[in-house]
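Both complexes shown next keep subunit A, but they swap its partner, so subunit B is in the first and subunit C is in the second.
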Partner chain A sequence: MKKLRVAIAGLTACSGCQLSLLNCEDELPRMLELFEFHYFPMASSPALMEGEYDAVLVEGCLSMPHEKELLQELRRRSRYLVALGTCAVCGGVAALRNGEEREQLRQSVYGENQVASETYEPLPLHRVVQVDAAVTGCPPEKEELLRLLAGLARGVLPVAIDYPVCTECRMRENLCLLTERSALCLGPLTLGGCSARCPSLGVPCEGCRGPVPEANLAEALEIYAEKGFDKATVRDRLRRFCPEWKL
Partner chain B sequence: MAPQYIANHNLPLLLERLRRYAELHGPVRGEDGVVRFAAIAPGTLPDLSALRTLLPPKKYLLHPQETILNYTAAAGYQLQAEDVRSLILFGLHPCDLAGINYLDRVFLGDAPDPLYAARRATLTLIGISCTPDEFCSCHILPSPLNALSDLFLCSVDEGLIVTSGSPRGDELLDGVKDLLEEWEGAVPEDSRRFFGHAEAEQVRPEPDATLPEWQEFASHCLGCGACSLCCPTCYCFDVLEFCGLDSCSAERVRQWDNCLFKSHAEVAGGTNFRKERAERFLYRYRHKYRGFGPLQGVPSCVGCGRCRVVCPAGLDLRPLAERLEGRPL
Partner chain C sequence: MSSYRKIDILTRVEGHGSVELIRDGGRVVDACLHLSESPRLFEALLIGRRFDEIPDIACRICSICSTVHKVSALQAVEQALAVSISRQTGLLRELAVQGGQIESHALHVFCLALPDYLGVNGIQGLAAHELEKLQLGLRIKKLGNLIQETIGGRAIHPFNLIVGGVGEVPGSEKMQHLKDQLAGVRDDVTASIAYVSGLNDILPPLSMHPACAVSGGPPLFGNCLVTSTETIAANSAAAWLDEQVEASTHAKVSRFGGKAPFLVGPLARLTLAMPAAYAHYFTDTSIRSATKARVIELQLAVERAQLLVDLLLNDGLEKEQPVVAIAAQGEGTSVMEAPRGVLLHSYRFDDRGVCRAADIITPTSINQGAIALSLKELIVAMDGAEYEQIRAAAEILVRCYDPCISCAVH
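This part shows the complex of A and B:
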């Protein structure tokens, strides 16, 4: 079988998603049989873009002019473009303060120094290019990453999950932290696929995987209000990972 | 012959004796307070006071997520090999027994499911009586399903009256006969009396799709799936195939699905037969209270109350069902 040519790039993010891929140590030898990781600056140098790619995986959001150019360049060269991780899918923590005055934010971090003067409000990838598939999560689940790669090797994109964290939480027969402990658990609004990793350890869902399709925000806000959480508290929690929540 | 009973102080002995036949599972309260069907540790007692476990016993027959087929280029598709052990499920309430009866009709009917059949054959069911609480509806909407078990225990103050319902039950009774005494007192009403009402097996007209209730349910539903995941008779599943990280293997996975999910009625090309959540509630209602397909006329709600208990939005189809079904016992 011909090896697939793949590029893996990071924009504004912590590199944790790319690292999750490199952490699949047991599977790396098999990956190398299926893929040629041609452009992967975090893992190998020199990294020079060249020719066309079967797929590119992009971590992070866009916050600097050169990132937009890089992303568009990758898009032009690739058959599939996959958003890797929450920042790429919905903006993530870098976009936490979107909506606030940009120059003030810059000065509070860098002072009078002109560092980061070229940055703009972080954007998820889909605002700039067409995204063919997404693997969300902060960071993504190893299993999902491997399934994505295995699928790409056969020319198929992953099936999008459409259920919230609660579904897998119930499958694991966990105590419901929202109804039984009145915790601000974002499970009902957050895309599943993580096997309810946090609630299974007694930690309320922080919403790191972004919104589930058809999220019923109005009802969830009513339930949270009954538990004593006002709209501002819920909004801040939701927007920690996904600034695009409208509330 | 007077009924036989086992005195409360002999319950630990009964459990130890049953353990000789198979692994023993029953309702166990975890440290987090959640009651689940789980292994009863030697020397401990199951929680027989709990009215319902979080997940019903269907989890033993259909796992939430499981590989059903494995593919390799050399062997093609092969059934997933499974090490099935004999299991005694102790302390099943009549509703859960009826739930298993329903699943049996679905999965052992015209085209038996091999995984289900293999697991079902290893189960011994020991039922126990109970008293409905405000969430239950077995006593309001009786079911045509049968609450069948190998042994059935009926609680009285001093212990449990024991009756057998199968050759397997006879075998177990014979093995514990030295622990049994004759019961001289009154026998309470049978908890299973709400089940097996065959006259309810009649095809009824379709529920009115224009009722405002469907929209009302939809506006509150979070789409979390708890109602059907925790339902003893919801068996809808999704089938996914994942390729291996090589050029020649794959696994086919079956996982619990839910009729309230967006993808449940979605087909190739993105067309959806039930685009709106309100339509999905009507669909759910039809399955739970009218039945469809080969089991048309057989309502699948066994009245366990789990859907009402677990719904974060407190949704409850029962008042509507009481109005639309209106079948006094």
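This part shows the complex of A and C:
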């Protein structure tokens, strides 16, 4: 069987999405049989783009001029482009102060020096290229990543998840941290698919998978207000991973 | 200088950087390291956030080092707010950090560095030509992740480690499983030491840099930095490291007050406190021995993890609520050892517990001076060699430092 040619690239991020792939220790040898990870600078040399790709998985957001060129080049060469992880899908942690004066933020770290002055406010991939599929999460779930790769091997893209973290949390019969413990749990507004990983250990959802489609923000804000969380607190928490929340 | 060419992207390292080789006619005469990763400006992102958010955000600096960033940030926050954690929480955190050490070292040795010794391109080449060796490394790596998952709830960005304690204390069944798995991996680690210490060196020996490491606590933890001649308290460490902004790199560079650059990381830790049983592996302590240092540290980490698991099992793993932290004005600084060396997190909070100042100093940024000197020395040692040979050796040399560029730039 012909191996699928796949490119894996990282932009502005922590490499956690690429590491999630390398963390599939049991599956990695089989994966390397099915796929040729041709361009994968984190785990293969040299970093040389060549020919066309069946799929490219891109981690991270865009915040430097050359990243845009790299992304467009990958897009041109690939049949499918998959946004891997919350930074690629929504902007992620790096974008949590988007909307504020970038130069001021830069100077607070580097001072008057011009270092990194060419960098700009982090953008998710869809602002620059067409994205064919997304695997969200900070980090993404290993199972979701494996499903994506298994699908690609069969020539299909994963079905997008459309339910919130709460759905899986209820299925696991967890105590509701928001209603029972008055914790600022973002489960109602956050895209599911993680089996409610954090609330299952009693830790409130921090929204790391980004917004669920058609989130009922107004209703959630009412519940948060009842529990004593003002709008600014909820907004700051939601924007930890996704600057595009409007409230 | 008539021409120069960059190694376009450093590969098989975490993050984005390059080495610039400067040529005069046909000769390579100089080499410079550029850590060109885009800064996420973490120190700015943290300002204005409440104390309990700091560790959750700060751990996103890096995936490979996320557990140690999390624990380091927690320690700094708890110090600032005068929170004392339980013995059980301390042991669990220590175990999680050892798990991170195991995962990181196994990843570097078997997935990133080994291809250099075997002349293959990376994991793909290893799978095709040395599958057994790759699987040996992956088994050890998996154990490191299992430890991090058991305690942190997840191998990357461990959410179960929170201010004052843990979300849910892992039960004794899970801990017993770790005990069994740790016992099972001992043979793999022994085999790794035998295998890696038998690999032929691929770089010339280079001068050793003075070493610096954290001291004053359990392995990888402490309250000060030590060198062969000095002890620096945690709250003076940032001043001693003396980070400066330089034009050629997005990572601040430690200047050590004008002294020669120090090395941090596995080789530095071992040379400062060499266990007698391993001294014979290090007749050569130049940076090319760093891969060997990592497999020795794999052994030390597995031994320590076994001890910690036994302590936790003997104590009985009690369910406990995290210590409640009360927002207050304060400052805290944590120094500890990440897999790549000294890591510092320092925060100041106002009376509402909101972060007003943040300073994070990471091992790869500290190591930049040492890497730069090693590169220059390599160019001299290889004078007359073909450009492509020098280029390949320069990349291997940088890889010996196992740079984590997301950490360095953050």
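We take it that the second predicted complex is superposed on the first by the 247 of 247 C-alpha atoms of A that agree within 3 Å, B and C clash if a C-alpha of one lies under 4 Å from a C-alpha of the other, contacts with A are read in each partner's own complex, and residues count from 1 in each chain.
Just so we're on the same page, a contact is a pair of C-beta atoms (placed from the backbone, for glycine too) under 8 Å apart; a residue touches a chain by one contact, two chains touch by 3 or more.
Remember, it's a predicted structure, so these values are computed and weren't measured experimentally.
Contacts of A:153 after superposition: subunit B is touched, whereas subunit C is not reached. By the document's definition of touching, neither partner reaches A:91: not subunit B, not subunit C. Residue contacts after overlaying the shared chain place A:124 against neither subunit B nor subunit C. When the shared chain is aligned, subunit B comes close enough to touch A:34, but subunit C does not. Once the two complexes are laid over each other on the shared chain, residue contacts for A:14 go to subunit C alone; subunit B is not touched.
Within the superposed three-chain model, A:45 lies in touch with subunit C and out of touch with subunit B [touch as defined at top]. Of the two partner chains, subunit B is the only one touched by A:214; subunit C is not. Across the two superposed structures, the residue set of subunit A contacted by subunit B and also by subunit C is 33, 202. Of all the residues in subunit A, the ones that touch subunit B in their complex are 1, 27, 30-31, 33-34, 146-147, 149-151, 153-154, 156, 159, 162-164, 166-167, 170-176, 178-180, 187-189, 202, 212-216, 218-220, 223. Across the interface of their complex, subunit A is touched by residues 8-16, 37-41, 43-45, 47, 49, 53, 56-57, 60-64, 66, 107, 111-112, 115, 121-125, 127-128, 131, 134-135, 138-139, 141-142, 145, 153-157, 159-160, 162, 167-168, 245-247, 249-250, 395, 406 of subunit C.
On the side of subunit B, the complex with subunit A involves touching residues 30, 32-34, 36, 54-55, 59, 64-65, 219-226, 229-230, 240, 242-247, 256, 258, 261-263, 277, 310, 312-313. Of all residues in subunit A, only 10-17, 19-20, 22-23, 25-26, 28-29, 32-33, 36-37, 40-47, 63-64, 67, 92-94, 96-97, 105-106, 108-111, 113-116, 119, 122, 138-139, 197-198, 201-203, 206, 208, 236-237, 240 touch subunit C in the complex they form.
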